[in-house]
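Naming follows writing order (A, B and C), and every chain is counted from residue 1.
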Amino acid sequence: MTFSPERRAAVYVTSPQQAKNIPQLIEKYGLNDPIPVQYSRWIKEVAKGNLGWSLVAARPVAKAFWSYFPTTLELNLFASPLVIIIGIWLGTLAGVHKDSWLDHGTRIGAIVGWSLPTFLFALILLMVFYGYFDLFPPGIISNDISLWVINNPDKFTRYTGMYSIDGILNGNLWVTWNALKHLILPVITQVIVVVALLMRVMRSGMLEELSKDYVITAKAKGADSQTINIKHARKNALIPVITVAGQLVALSMEGSIAVEVVFGRQGMGWWLAHSATQLDMPVLMSMCMFIGLVFVLSNLIIDIMYAYIDPRIQLQ
Amino acid sequence: MEATIQTKNEHPRLRELKFTLHRIFRNPSAILGFALLIFFLGVAVAAPHLAPPKYEHAPYQMPHKGYSPTPKAPSAEHMFGTSSGQYDIFYGIVWGTRTAFKIGLFVVGFAGIIGISLGVIAGYFGGWFDELLMRFVDIVWSIPLLVLAMTIVVAFGRGLENIMLALALVEWRWYVRVIRSEVIKTRRQEFVEAAKLMGVSDLKIIFRHILPNSIYPVLIMASMDMGSMVISASFMSFVGLGAPKGYADWGQMVALARNYIVGPPSDPFKFWYTIAFPGLAIILFVLAWNLIGDALRDAFDPKLRRR
Amino acid sequence: MKNLLETKDLVTNFYTYEGVVKALDKVSIEIKHGQTFGLVGESGCGKSVTVRSIMRIIQQPGKIESGEVLYCDDAESDECDELLSKSEAWMRELRGDRISMIFQEPNAALNPVLTIGEQVAESYMFHRKRSISKQVLKDVAEGKSSFGLFHPFLKWVYSTAAANPNARLLKVLDRIPLLKLWRRPLHREAIRRSVKIIGKLGISNPEEIVTRYPHNLSGGMKQRIVIAIALACNPTLLIADEATSNLDVTIQAQILDLLGELKRKKAISSVLLITHDLGVVAETCDRVGVMYAGTLCEVADVKDLFNSPQHPYTKALLNSVPRFCVEGELATIEGSVPNLVTPPSGCRFHPRCKSATEICKTQKPELVDLGNGHMAACHNIQVKAED
């Protein structure tokens, strides 16, 4: 099933002479040992802080992580707030004005967004806005700027590793502007794919709430529709939305992979995809671990959000 | 002197079925979805006639005349043009339909059957099996579908079959969760308790009472999954983990088009056909399943059911 | 003296998949000032639909087809309003202020994510902005509270609110994030008044209750809160839609006592009580209307109805109440409630009526005055001997 020890060793070999050393490599790194033994060895190394070596990055995994992580973070930092704002706003509107043109429009938009593979949509955007209009190029930053940054460490300190933010921190808005130009298409792609789900859940949540008794009570009190929709219904409708929040995070991660691969942004997703094609096992294992951690954290945050919105739930 | 009004003399199940079908089809998106689906089915079934295979024993191998990397525009000979490496796009689209159905049916079938069986047992009987299964699912849950599937493919090796297997091995967790929660909900209802008290066997209860009531969300999910699994599989093929070059798979065809999405500066859309046709095929196929799933969701939603 | 509320030939339909449900078939009710009117009938006979049509909170797919609803708020003056022709904005002012409604399920009537105080204060915030603004300004002038840093701005805003609660300015301010906070003093005063009214309804520790959430309260307390919300603005008419049906008997007794007391103290003028419990009707109502399948069968003063019911349905209903010390089988009314998509022709009760005659099948009976305010809609009244 898994690749034979020979093939796994062959991944690290770059010339025919080195191929002769394969049996020694297998011996040295214990590639013939049974899987549980290899796994426990990996765990021991991870505990020591040694995550292995990444072929793709030509650096130890732990070090490579810090150069890839900021890029992905930057993308999601811009995309996530947009997703939340647009999703909740449009979803509420669609639920309140059920069966109107707006409702049908957002539903169709959501379905089409859901049917569009992220990578395809990214390719199309690239084709139109880069190929035809030549407006928004792929990549993270223009070559000349990245060269300038490397050659002038005194004039530009990379605090966070994210060009857009570093530009502001350094007072160099030209860099920020350039980084933002490269971010527009990836962010649009990421947003459209994730917002489809959020809109759908928000809409169904609103529909459910608007048929509840306390909405009728509010109406009998003489409440206007604004109060009913926002104050009464929406707050309750957010509860099922939070339930899906975990899914949204997963969707964002998967979206990041496609977006980074197509737009050539060297972030975690790009790293993952290239490691997969080049059979870079240490990276994949470390990635799974990292993502597992992210999930545990986001579930914790989600639980806290639940307690904040729904007074029936008490935090222990 | 009849105190009640006679309802039509038909079996209540038939009436419910007709009502459900009415609810599904009064939605124009459902009609569109089904129409698209039938179209794709037709293409898949008629593949050998629409695009006669060049190699009898390997119909999924796209024919190519020569190895030139530059794609050629649509012409009389190649209806949709050729992609990088001179692969006939029309052929790829037609046979790719079969591939898409294969992927969808395999993954959904595999994940569905395993997920449903495990979920029903866990939900109905509870106990240590339920606990064990849920812990396991919780662990697997923390990693997104694509990441886990890619990891599995790296471990097993490349190829379309491995992609399908990997996707199935990850997607079953959804089915388990959904059907388990539905089963637990149904199990608590009074008619199930009544059946138990009457001494009906567990197996009968499961098949007659539990399954028919809990299956709806799973059906909706299965329908949407047919589409989303094709998306995931095509992305993995695009990245290079899937079918080999020249195989009739839509994702693979987009990979072929990768270097040609932007043509020369004078005519940036020159090679539009390399990506337009496979892209359109993927979008429409997934759209069909999503529309159907959406219509099913609206039809089965108990709150929206009786207006 | 004219009536407080009068409906004339109210017709309401529901357009569903199975057909058009003719829920109300020319229902005409009269309620006088200071009167407790009970509306009884089986489930599904249209009691709730009637009151919701009056309040105009019928939801899709329902539609009020025709009829008139005359509401005369002031007993002295001659002015009446026809509710079905008023705008939605006008109705919003009416609801909760002049006519209030309380519902069956107190658990569902309260929003679980808002505090009790917030929900009671809402009634004041909707309808008493002017009065509260004036109170706030008075308090600031007397030094009991202050506007703090924003004194000139807030003074201006509150003066506008005191003069015209519907001013454009206030609506604009509400939309702007930070400026929304002008409502704080308003809110505080509204909460203060909420505490007062909750206390008046016999709930101890009202200051603490207003900070709690609905799930912290018992069923009986929740219903009292619902009543507090309804009574906040001293409505003239209180409509209770099966308000005690879901409570256990002891709580039910308390709530009914409370309603009686409020009437005595003139906190409310009239009550329209909807119930299927004849015992409650006998205890609390002055006048009773009996509905069946969307039509009004009989209306009478409570003693008249119980002592000499005229309509066959009323008679059968009273007959089916189990009696103490009487042995034998429980009496029932044969058959079941008709499907209102295809209601029976003529009198809607004729398929189940023991005294039905030919005319009952073809012609719908109108309400006939039998003297003493006792009205019944039946073709065969004079024929039957009195009980």
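Convention: a residue touches a chain if its C-beta (ideal position, glycine included) is under 8 Å from a C-beta of that chain, and two chains touch if they have at least 3 such contacts.
Just so it is clear, the structure is predicted and the values come from calculations on it, not from any experiment.
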Problem - Centroid comparison with chain A (C-alpha atoms), farthest chain - result: C
Completion exercise
Of all chain pairs, the one with the most contacts is A-B
Problem - Whole-Å gap separating chain A and chain C, where each centre is the average of the chain's CA atoms - result: 53
Fill in the blank from the handout: For the pair chain A and chain B, the C-alpha centroid-to-centroid distance in angstrom is 24
Practice task
Could you list which residues of chain A touch at least two other chains?
Solution key: 211
Handout entry: Parts of chain A lying in touch with chain B, wherever the complex brings them together
Key = 1-3, 107-108, 111-112, 114-120, 123-124, 126-127, 130-132, 207-208, 211, 250-251, 253-254, 257-258, 261, 272-273, 275-277, 279, 281, 284-285, 287-288, 291-292, 295-296
Completion exercise
Counting only contacts in the complex, chain A reaches chain C at residues 211-214, 216-224, 227, 231-232, 235-236, 309-312
Problem - For the chain B and chain A complex, residues of the former touching the latter - result: 29, 141-148, 150-151, 153-157, 224, 227-228, 231, 234-235, 238-241, 254, 258, 261-263, 268-269, 272, 275, 279, 282-283, 286-287, 290-291, 294, 303-304
Exercise for the section: Report the residues of chain C in contact with chain A in the complex, numbered from low to high. Expected result: 55, 57, 59, 92-97, 100-101, 103, 105, 108-114, 122-123, 126-127, 213, 215, 226, 229
